[in-house]
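Which chain is which? They are A, B, C, D and E, in the order written, and residues in each are numbered from 1.
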Amino acid sequence: MVEMNDAHAMKTKGARGRLRRFFSGIPVLGWLLGALVAVVLEHYLGDPLVDRIGLDKIPVLFGAVIILKKPLMIPGAAVFLLLIYVIPIAVVARAGKTLSNRLAGALMRFPIAVPALVHLGLLYGAIHIWSDVSAYRVLTLKLTFVAIMLTLSLNVINGYMGEFSCSHPGFMALGAYGASVFTVLLFSSDRLFGDPLLPEALGPFLFPAGLIFGGLIASLGALVIAIPSFRTRGDYLAIISLAFLFIVKSMIENLEFVGGPRGLSGQPNYANLPTVFIWTVLCVWIINNFVRSTLGKALNAVRDDEVAADAMTVNTRRTKMVAFMFAAFWAGVAGGIYAHVLRYVNPGTFGIQKLAEVLAMVYFGGLNSVYGSITGAVSLSLLSEALRPLEIFKWIIIPLLLILVMIYRPTGLIAFREFDVRKVMQPKSNRDDEV
Amino acid sequence: MVFFFQNLVNALQWGSFYAMIALGYSMVYSILMLFNFAHGDIFMVGAYIGFGVATALVTLSASGFLALPGWMILVLTILLSMFLTSFVGMIVERVGYRPLRDAPRASAAITGLMIGIMLETGNLILLGARRVSFPPLIESVTYNVGGVFVTNKKIMIVLISLGFMLALHLFVQKTRYGMAMRAMAFDYVVVPLLGIPINTIARLTFAIGSALAAVAGILFGLAYPVLDPYMGIVFGWKAFVAAILGGRGSIMGATLAGFLMGFIEIFVAMVFPSTLRDLIAYSIILLILVFRPHGFFGEPYSARLRL
Amino acid sequence: MRKGLVFVAPLLIALGIIGLMASPCALAKAEVIKIGINAPMTGDIPKVGEGSKYAARMWLNDIEANGGLEVGGVKHPVELVIEDNESKAESAVKVNTKMITEDEVLVIVGPQSSKQAVPAGGVANNYETPMISPWSTNPDTTKDRPFVFRGCFLDPFQGPVVANFITNEFGYTKAAVLYDVASDYPKGLAEFFKQAWEKLHGKGSVVAYESFTTKDADFSSQLSKIIRSGAEVLFTPQYYNEVALIVQQAKELGWQNPIVGSDSWGSAETVELCGEACYGLFFSTHYAAAGATGKTKAFIERYKEKYGYVPDDVAALTWDSLGIVETAIQKCGKITGKVEKDRNCIRDAMAKVEQYDGITGQMTFTEEGDPIKCAVIVKISDQGEYEFYKSVCP
Amino acid sequence: MLLSIENLRVSYGRIKALHGFDFEIDDGEIVCIIGANGAGKSTTLRAISRMVPAEQGTRMTFMGQDLLKLPPEKVVSQLGISHVPEGRRLFGNLTVLENLQLAAFARKDKAAIQRDLKQVFTIFPRLEERVAQKAGTLSGGEQQMLAIGRAFISGRRLMLLDEPSMGLAPLLMLNVFDALKEINAEGTTILLVEQNARLALQFSQRGYVLENGEMVLQGDAKELLENPAVKTAYLGG
Amino acid sequence: MALLEIRHMTHYFGGLRAVHDYNLDIEPGQVRGLIGPNGAGKTTIFNLITGIHRPGEGRILLDGEELVGRQPHEIAARGLGRTFQDLRLWRHMTVLDHVKMARYSKIGYGLVGAFFSTPRRNREEAQIEEKARELLEMMNISHLADQMVPNLPYGAQRRVEMARALSTEPKILFLDEPTAGMNPEELIQMMGIIRRVREQLGLAIFLIEHRLKMVMELCEIIQTLVFGEVIAEGPPDDIKNNPAVIEAYLGKEIVE
């Protein structure tokens, strides 16, 4: 696909084609380096530059607020974006093209883990420095990461396996409460659970255990849906999962020991940016591994034709069970992180509204695609943050956008595309030289 | 015993709302194979249109220009609102569903959700955050029948909704449009091959579903006279449950399941501590579906039921 | 490469010049005081958001009419940053973070309901920014958070007030409670009322303790149970929209005893929605609109004139919270422009506010940041107006 | 000339199903299109009944009227072109009578509908016996009869038949073709698409042979039957 | 003892009798045919044997082991591979993935391997892929390995299905109308493929067909099924001349 696009770009005339040609052949590594340079620039030169061009502050979400709220400052914001982001990234990526290609090539000679870690390290570096400018960015990023995990895990059921599951907020709630009870009970003094049972210093180390605990509880809950899914599919299963969501919510409201409708607060502050990032990467990595293995592709076989799958030795029950429990596990982990980011949970959060949000992200981004889920989660999270200045009209614009996407790309922006880590990191051949 | 009958009366009224909304859901769902997640919000719009029409008529009547009795206003309100709301339904169909008829059904579900959000937000923008109070069109009279309290409104609501359900049933069974709808529910691709305009039928389906939602909205306004822009969400989703619980393509099924939902909610609260109502009520529904995996009148899942 | 630069450079320069020209050269003026309002404009309770917004705008108008907020002799312009938290915890936290770190507000007023105020309070406390939630009654909102205050009294106070009032007024001994189990304010208040009632009349004196779920509209099953239980009075600490339905349905089911409510009844809409069915009922609240005197009356009249309806308690509490903020800022003596310093100063001043004379009564903050204030019992008159009935102080 | 088509082009996404098929049918004829699976036979029928859009450059006229301007339901109700789709596609949840009545959806002439209904029952007496039965419970042959009867009522100037022999035992197959002959004798022109080339050619007057979306042969059916190329390719030697 | 033994298999759908007292013996390497008019219950017999439906009565023994009551995937893994009349390919999967998927039962790396991409998984996946490519080679469709199936011509889709069925490493291959909808040319190719498969892999084959020419040429023994009952069984020549068969099924066409 990628090659085809490039080849296509070669032929197209005009500014767009020229632009494409100009930037073709830059590996992901090159772009990452560019981004890193840009964020470092922003970090050190952002404030002086802002003073010089008369902005109040560094535009926090690429100037969205300024564009929508203070049209007079748009030129300033544009200058800032150009000087800090567009030009440095473009220049570094383009000028370093040969170098980064060579570097990427050299890295690929190591076992796959090495280039993967290098790329992730660079990505994290860029994100970290970018977010260092403002706590608001940190929070937005954390919640975006949570959204990625949620969307991706729901895509396992709704996209890869083709069921319409409505229970995801329920799984998330189970995970959030599971992990919260774990950490609050063990490490924090609280109105409901009293003094911590373990020394607080252990907390950050056992936090992963807490998240896994939450994930496992969510997995257990998923059995309630997985078992009926052996006998029924489609709409009826959608209703079962919806009923499950109502049940979970009502159950938590009735559980006094976790605070009932008042919610549970006092989660220790363990969910810092690196932790959230690492868990998100883990989630993407494991889910991607799974859906690319033959065992995982059995989900697609079950979706496209269950009878045929069965006849081709695919254990469909096991497949469904694994899919539901696996997706629920990650929803649970995401819930646990969510609870520790906000440091408060209440059952009201995990209702229909959350469901609509996650569903929208999955279908907007694209079914059956890791790329799609990441795109959907990131773009909708950032969009709903960036459009904040529109106030209530935001809730006209975002739905409208989604409707348009559904009409013109019914399976979402990037659907049915495999996420091949190796391909992503590979050096790109330089076509400019060939032409 | 009195207590039981009291709750029975209550459940009948409550169930008729679920049934009415589930019917509209079921129409679109079975005929076009789409989840119309905007239906709950069309119910909301219907209630607001009803509110607008009723208020206008009451004012008109009070001004002496056109003195109408309460029941007359009610009848006019229902008819006018059905008419107006059916247009809303048709617009929703045209904008949100027709372009997606051949898309995966889940995409249409998302569109529906989004249209719903737009309707809610639109209401909020237009009318502000105030909740409005539905005018009491008829004087409420309470009858005490051996300790069971029944109001004239309750009787009227149950009767009107049963009447509309019967009318719908007859329409679908006896008229050629109804026949075309049933045919479309079975296999819509070949419907145009018989000279039946598919878009007309789809529009009609949405129009009827929305008109029913408007009736439900007005009756709801009479029984529970507080309207707010988000009133349709929970109702919509629960009616969605009822529509599918009834079984695909079954008007009887949707009606029964709607009443069943109402009965479950009321009677669970009657027997068990009411804090556990949702927990128990939805566990019951979940169990029903586990043991009757295709709803009451539905067929086993076929390839067409896929998303 | 070079070609690209040729393209971009002039564009860049042009943009730069425009940017420089357009930038406001505001340097010499007095420091702007920014106050954040974190309110639910969309989502479950848009009405609450609207009330907060209107009250805040009115307050700002007053300040602007004075030419700014005078602190230590300098008039500072005031800017309100109003953000929508969509009635979501997650969004409330984002909004708080944004207002604190991006907009650099000095104080935050809101979020209103506890679901958002509890997590948002954590953020405010972390960043050492004073926050006052006008309406949140959950103890967790302010607990162990020196920077977080609230403008209303807590459930443990209101519960006994109502219980005592009913006992003294009617002499009943059997009470029923109907509340929303999924909403923390009614649930908390219901619990404290039950405790207080059973303390007065012994265990089992709350003969029916029934609940429903947010957005429910039919309470007939619960009400039937309540009627059968033989309760003499019904306490329902619900929001005004539900009050209307509960009261009407109770009447239809043959309930003839009094129904008593809490401060959440205190909206103009209660009577508007409920109609005659609510006439003659009592509820405890922060202030009574009808029969109000002095500045309370003035506030109500101004608000009504401006926005077309009698303000509800959220608006009044928001107004008072802003008043407290104003007092604290003035007490602070000086706005330095250094955000951290000003915030700390304001917090300290707020903690020391004593006998603030608001439209919802006099208040003083406890160590936890909760106010000590009096409750008012209001009767809905036969004209549908709120009449001051009596005042109960802790 | 009843129907004339020039340069019929249809694509499904990137796959071209038909590239430039020309053909015409005279009033009262029986014409068949034969060819391998995927040659574009069904697509041709679908394009005529406007179920799939024809691409730019296609011209289609029926009795001098431009077909391409009409939506699918008008093709049936205004021009009287009926289509018996592949696999019959009856409404299994409706009774036999309802299936037939539905076919008259767009028709207003009550008396004529009744007359046509009678005629269907004379051609297929089996259907009259099962009038109140749900269509889904009919046997394969009865279903095919109903499908043809339904098409007969919905429009009778031109009938498009897509694989009427599919899934029928040889004996039943012949019954069905006898009935089609009868319908043709009543004045309905028939365009037939068949997998079973021998049967189709024996039954028709003229034939077209499609290969990969293009017409490779056309002519008198009897001649095509004898054509050595057709023989080896489609008649099994 | 035969490889596959079916004794007295009877099945009802609702009150409708679909299959009555059906018996079958298949020896290793044998090619058998099943013919009969539409609705006679041929596909039902396939579905009963492969476990999609559970027979009401009767026993099905593969190598002496009872199959009745097992899940379809277990039965398939024990060596009953099949194709479907209506193809039943997976819309969103590549040709290669189809063939790989059919080796599901042979995967040993388990969930740990699936989640964490262990060396064992990579090794096994590589082996599976190699085997799959061999099969594609055998079907002459290796150049289509990365295509999505809906993009393929019909004949190629049939081959994919065949490759997929073979990938389960069956002892007996059940072919349900493998030439449905094919033109004569494709039909001849398909017959070639079936012969080759049988020779190279030494499978037993059981096929349902409408095209008598093909059945007669390929099969050693043919059963004729009418209304769920076997009315004749024997070598092709016997069947061709059996008056009961002619009357019930072949009808005029053969007589002509």
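Here is the rule we go by: contacts are C-beta pairs under 8 Å (C-beta built on N, C-alpha and C of every residue); 3 or more make two chains touch, one makes a residue touch a chain.
Since the structure is predicted, the reported quantities are computational estimates derived from the model, not experimental observations.
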item: If a chain touches subunit A and subunit D alike, it appears here; value: B, E
item: Third chains touching both subunit D and subunit B; value: none
item: Higher-contact pair (C-beta pairs counted), A-E versus A-B; value: A-B
item: Centroid spacing, where centroids are CA-atom means, of subunit A and subunit C in whole angstrom; value: 35
item: Subunit B-subunit E separation of Cα centroids, rounded to whole Å; value: 49
item: Distance between the centres, which are taken as Cα means, of subunit D and subunit C, whole angstrom; value: 72
item: Residues of subunit E engaged with two or more neighbouring chains; value: none
item: Shared-contact residues (touching 2 or more other chains) in subunit B; value: 121, 124, 233-234, 275, 277-278
item: Pairs of chains found to touch, sorted by chain label; value: A-B, A-C, A-E, B-C, B-D, D-E
item: Subunit A-facing residues of subunit E, complex; value: 50-52, 71-73, 76-77, 81-82, 84, 88-93, 97, 100-107, 109-111, 113-117, 121, 125, 128, 164-165, 167-168
item: Residues of subunit D defined as touching subunit E within the complex; value: 15, 35-38, 139-140, 167-171, 174, 195, 232-237
item: In the complex, subunit D residues that touch subunit B; value: 49-51, 71-74, 76-77, 82-83, 85, 89, 91-94, 98-99, 101-103, 105-107, 150-151, 154-155
item: Residue ranges of subunit C in contact with subunit B within the complex; value: 41-44, 46-47, 49-50, 181, 210-213, 215, 217-218, 220-222, 224-225, 228, 241-242, 244-245, 248, 251-254, 269, 272-273, 275, 309
item: Subunit B residues within the subunit D interface of the complex; value: 176, 179-180, 182-183, 185-187, 189-190, 192-198, 249
